[in-house]
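The first chain written gets the first letter, and so on, giving A, B and C; residue counts start at 1 in each chain.
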Amino acid sequence: MALTPITTITTLDTPHAPSARLPAVRWGTAGTALLALALAPLVLDGYYLHALIIAMIFLPPAHGLNLILGYTGMLSLAQGVFFGIGAYASALLSTHFGTPFVLNLVAASLIAALIALPLGIPALRLRTTSFVMCTLGFVVIAQMVAKNWVDLTRGDMGLSGVARPKIGFGDTTLAITQIPQYFYLILVVAVLATLAFIALIRSPAGRCMVAIRDNETLAESLGIPTWTYKLIVFMLSAAFAGLGGSLYAHYETVVSPLVFQMYYSNTILIIVLGGGVGRVPGAIIGSFLFVAVTEALRVTPELRMILYGFVLLLLVFVFPQGVAPLIERATEKLSRLGVKQEKSL
Amino acid sequence: MGNFGNFIFEQIVNGVITGSTYALIAAGMTMIFGVLRAINFAHGEYYMLGTFAAWYAISKLEVNYVVAIVLGVAAAALIAATIGRFVMQRLVGAPFQAGVLATIGISLILQNAVILAFGGGYKVFEGGWIEPVEFFGFGMAQQRIVLVVSAVAIFAGLEWMVRKTRMGKAIRAVSQNIECCQVNGIDVESVVRRTFLLGTALAALSGVLTAPVNVSVYGGMGESITLKTFAVIVMGGMGNVRGTLLAGILLGVVEALVSGLIGLQYRDSVGFIALLLMLMLRPHGLFSQKARF
Amino acid sequence: MKQQSIRRIASLTLWGAATLAATAAQAQDAFKIGLVSPLSGANARYGAFANKGANLAAKEINAAGGVMGKKLEFVSGDSQCVPAEGVSATKRMITFDKLPIIIGDICSSVTLAMQPLAEEASVLLVNAASSNPAITYKAGVGGFKWTFRNYPTDEGRAAIVLEHAVKNRGLKNFAVLSVDSDYGRGAINFTKKYLPRYPDAKILSEDYYKESETDFRPVLSKIKNSGAQAIVMYGQADTTPIVARQMLEMGLAGKIVLVGNAEFNTAKTIAAAPSVLNGSIEAAAWLPEWTSARSQKFVADYKAAYSGEMPNNHAYTHWETTHLVAAAIKAANSLKAEDVRNALAKIKYDSAMGPVTFDDHNQAVLPMVLLEVADGHPVIKSAIAVKIDYPK
């Protein structure tokens, strides 16, 4: 065994049996957080809303990475590639054909997933470290293509003037131009993406993924077509990333080869590892935490990136499982408030 | 030789020069990977630190170039020793992504600390042997010859160290099977620290040796180095020191030919296209026997 | 014991109140504007110069009484030359710091991303260093009414360089070696646009270097073998010394000349390889050798303020633009963004490069300085203002 497998705690590390109220408490917490988000535009001003929007734009790609890393055990640095592909796809459709927002969103995810197919087939044969390097290679190549295929991407000049989203129902169209409007639109998309993610991992397919992550050989021997699963997961995570890219394009309205910088892949990785790999709320906690930290650090522009580096070290050595376990333990403690403590057996 | 043949030969010479630097830096990274199973995302920063320290020595302390080489490597090694002690050795046995995150963090800290201390403006590196000499009819700075000779000498030295010394054997042992080493009483943390020190010192040395001809010194100069070094170590076979010498030089040559015949803007893609092809067709690298990673 | 703690609390409260009052008083006296530039990452070097120039101007303005009686202060933001980061920093300035005026960015792609934000928030965006023509194609009557640019564009630059190189120096065979960015590629596009005017002139090879490139031997070998007489280089200040040194080691000094723009004129660059830089042709927005009194005073003041460091292009343009904004405030007699904007559109401002006015695309009509390097010094040949052909 060359590498330590990713340890995730799927059971609670508590000497007591989990309280029956725990699921209710968990969903209650999630619901309260969602309500707070929904009410945010009434209380917070544009700058904070912008920060939250950035968090929600990174959320679907983070779910995708969580899927591939936390639930199938492969570390991919290529989320940035599919994020960028989604951004470019949406930008191109919008600037050349004037297609509506929802179509761009769906197309971006599909295109990203389709491109993931020929990339994944050879890449997934590799072992962990080689796979990581391979995904890195994809990022560099993607940036080179974006810079040099000037006819398609306008190279370094970039694509600007991506249309603001317009949501239409029958006769009425709602033009999204203000930050609060963007906030709700992106919130809806982020929630839908999260629900899709949860549905995926709660499904029998999801359990197969966990099996592959924990012990691929055993899973194979149980009849799970591991190869197919890994490929499908790779494509799905690309779709999630493409979704985020599309949101990005419609929000920033400018897309350039800079979208393929390592910065985005690194960010998504930090979000997932910081939040908690292999846990449902991992990506969610991670994105909001990441944005909170990076924006808060703007108070000291000179020290900002240095402090950010230290935060990363903190994550690695103090919170190796991410921040999610803390939240999980808190909700667990909450669920046994007032319940008589049974003695452990 | 015809004009075209001459041109190709010149590009090959160019490639060998650049490639020896690639190989030297990659040797360090591949050794660190061998013992730690971690990709050092901050490797380029040690290259930068060595260069910066040497620059500081020459322009502020007014020493000559040779002394600056020593000071440059020493300063970088000191910083690397601290990082090795407090960060790198704690990554033994940690999952792969911990190493990725930790070294990204270190890279951010080092880059921006240097910018904070010395400013974001670029510095011009004075010093070194930049007088041109003729070699087969091509002009090149004397420093280039120093570079290639140093690289070959260092690789020979590494080869000797790995075969003959205790440290070398310990490195090989830890690279092959870390649990066995722990059982056998080999101080794995110490091997990791010392290998890390050696690897980063090689990077710092490369920085100081190339600074006279690369001229520019600035805080962000290490970033692109790291990325390209990834390509070299994959092609050479991760953990395979000999392989990186050949892979580095090969990469240098192919890059020079592509730049000369097609365009400089495609230079970086050579390494990564080669890397991807390699991983598809021969994942264990050009010069390794079997795939271990 | 209790008496001691009461005394302690009282003194702390007093101290706290005093500090608060002082800060409030100071805040009341300060008029803040934003400055977005790359402060970290690979382009940190440009942001450093820009900030120094701007802060020097602020100091001068405050010494002369400030703007409308208030002290001019900068709130600095880091764009890292990444559009998303620039947008975040700008948003913070707009909604958090509530700044009515922002100067920024250096990187064109960041500026392009900032434009819609400024437009929606009715914040005055004054650009001092981006050269992508698209920024003002889309400004003024072109769309973004709140964007102004006080920097010449690459369209004029490319035309001026080519004319001088062919007509006055008789150069015919060119090799392109420019930076691989919107700046480098854009300027070459314009060069190619004007090339047909000179039937004998041709481009023999076209290469672009990445921003962190350090090894130019392969491309220089190619250029050497192609018979090119000149290299058209629109690139970065810090890469030029590298190319120059490597041209020297390959024996190209005096044989191939550099034309274009990449800070050929600074002493630091020339010192890297004088025999290579001698004879080069450059069109620059500004150089320290510019003889106007105002410019010379700026250079002297900058060196005095920053331990003898020579200002670069970005330092100058941000210094000048800060003074421009202050002048617009004075002309408007108001600190409100809308008034300042209207004043700026009509202003006739005496800059170190000559009188500045803005055309209907909010683009400053500025000359480019055409210079050659001779005997290790830049020699100014002329200053030419080019009329821009806006797309219909």
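By definition in this document, contacts are C-beta pairs under 8 Å (C-beta built on N, C-alpha and C of every residue); 3 or more make two chains touch, one makes a residue touch a chain.
Remember, it's a predicted structure, so these values are computed and weren't measured experimentally.
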Considering B-C alongside A-C, which chain pair is linked by more C-beta pairs in contact?
-> B-C
Of all chains, the one whose CA centroid lies most distant from that of chain A is C
Report, in whole Å, the distance between the mean C-alpha point of chain A and the mean C-alpha point of chain B.
-> 33
CA centroids of chain B and chain C: separation to the nearest Å works out as 35
In chain C, residues with contacts to at least two other chains = 39-40, 180
Residues in chain B with touches to at least two other chains are numbered 111-112, 265, 268
Considering chain A alone, which of its residues make contact with at least two other chains?
-> 147, 302, 304-305
Report the residues of chain A in contact with chain B in the complex, numbered from low to high.
-> 2-7, 69, 75, 122-123, 125-130, 132-134, 136-138, 140-141, 144, 147-148, 262, 266, 269-270, 273, 277, 302-306, 308-313, 315-317, 320
Provide the residue numbers of chain C that touch chain A in the complex, in ascending order.
-> 39-40, 76-78, 81-84, 87-89, 91-92, 94-96, 109, 112-113, 116, 120, 132, 134, 180-182, 185-186
Show which residues of chain A lie in contact with chain C when the two form their complex.
-> 45-47, 50-51, 54, 147, 150, 155-158, 160, 177-178, 248, 252-254, 256, 258, 261, 263, 295, 298, 301-302, 304-305
Listed in rising order, chain B residues that touch chain A in their complex are 33, 37, 39, 87, 90, 93-98, 100-102, 104-109, 111-113, 116, 227, 230-231, 234, 238, 265-266, 268-269, 272-273, 275-276, 279-280, 283, 291-293
Hey, which residues of chain B end up touching chain C in the complex?
-> 3, 7, 10-11, 14-15, 17-18, 111-112, 115, 119-122, 124, 130, 132, 138-141, 144, 210, 213-216, 218-221, 223-224, 255-257, 259-261, 263-265, 267-268
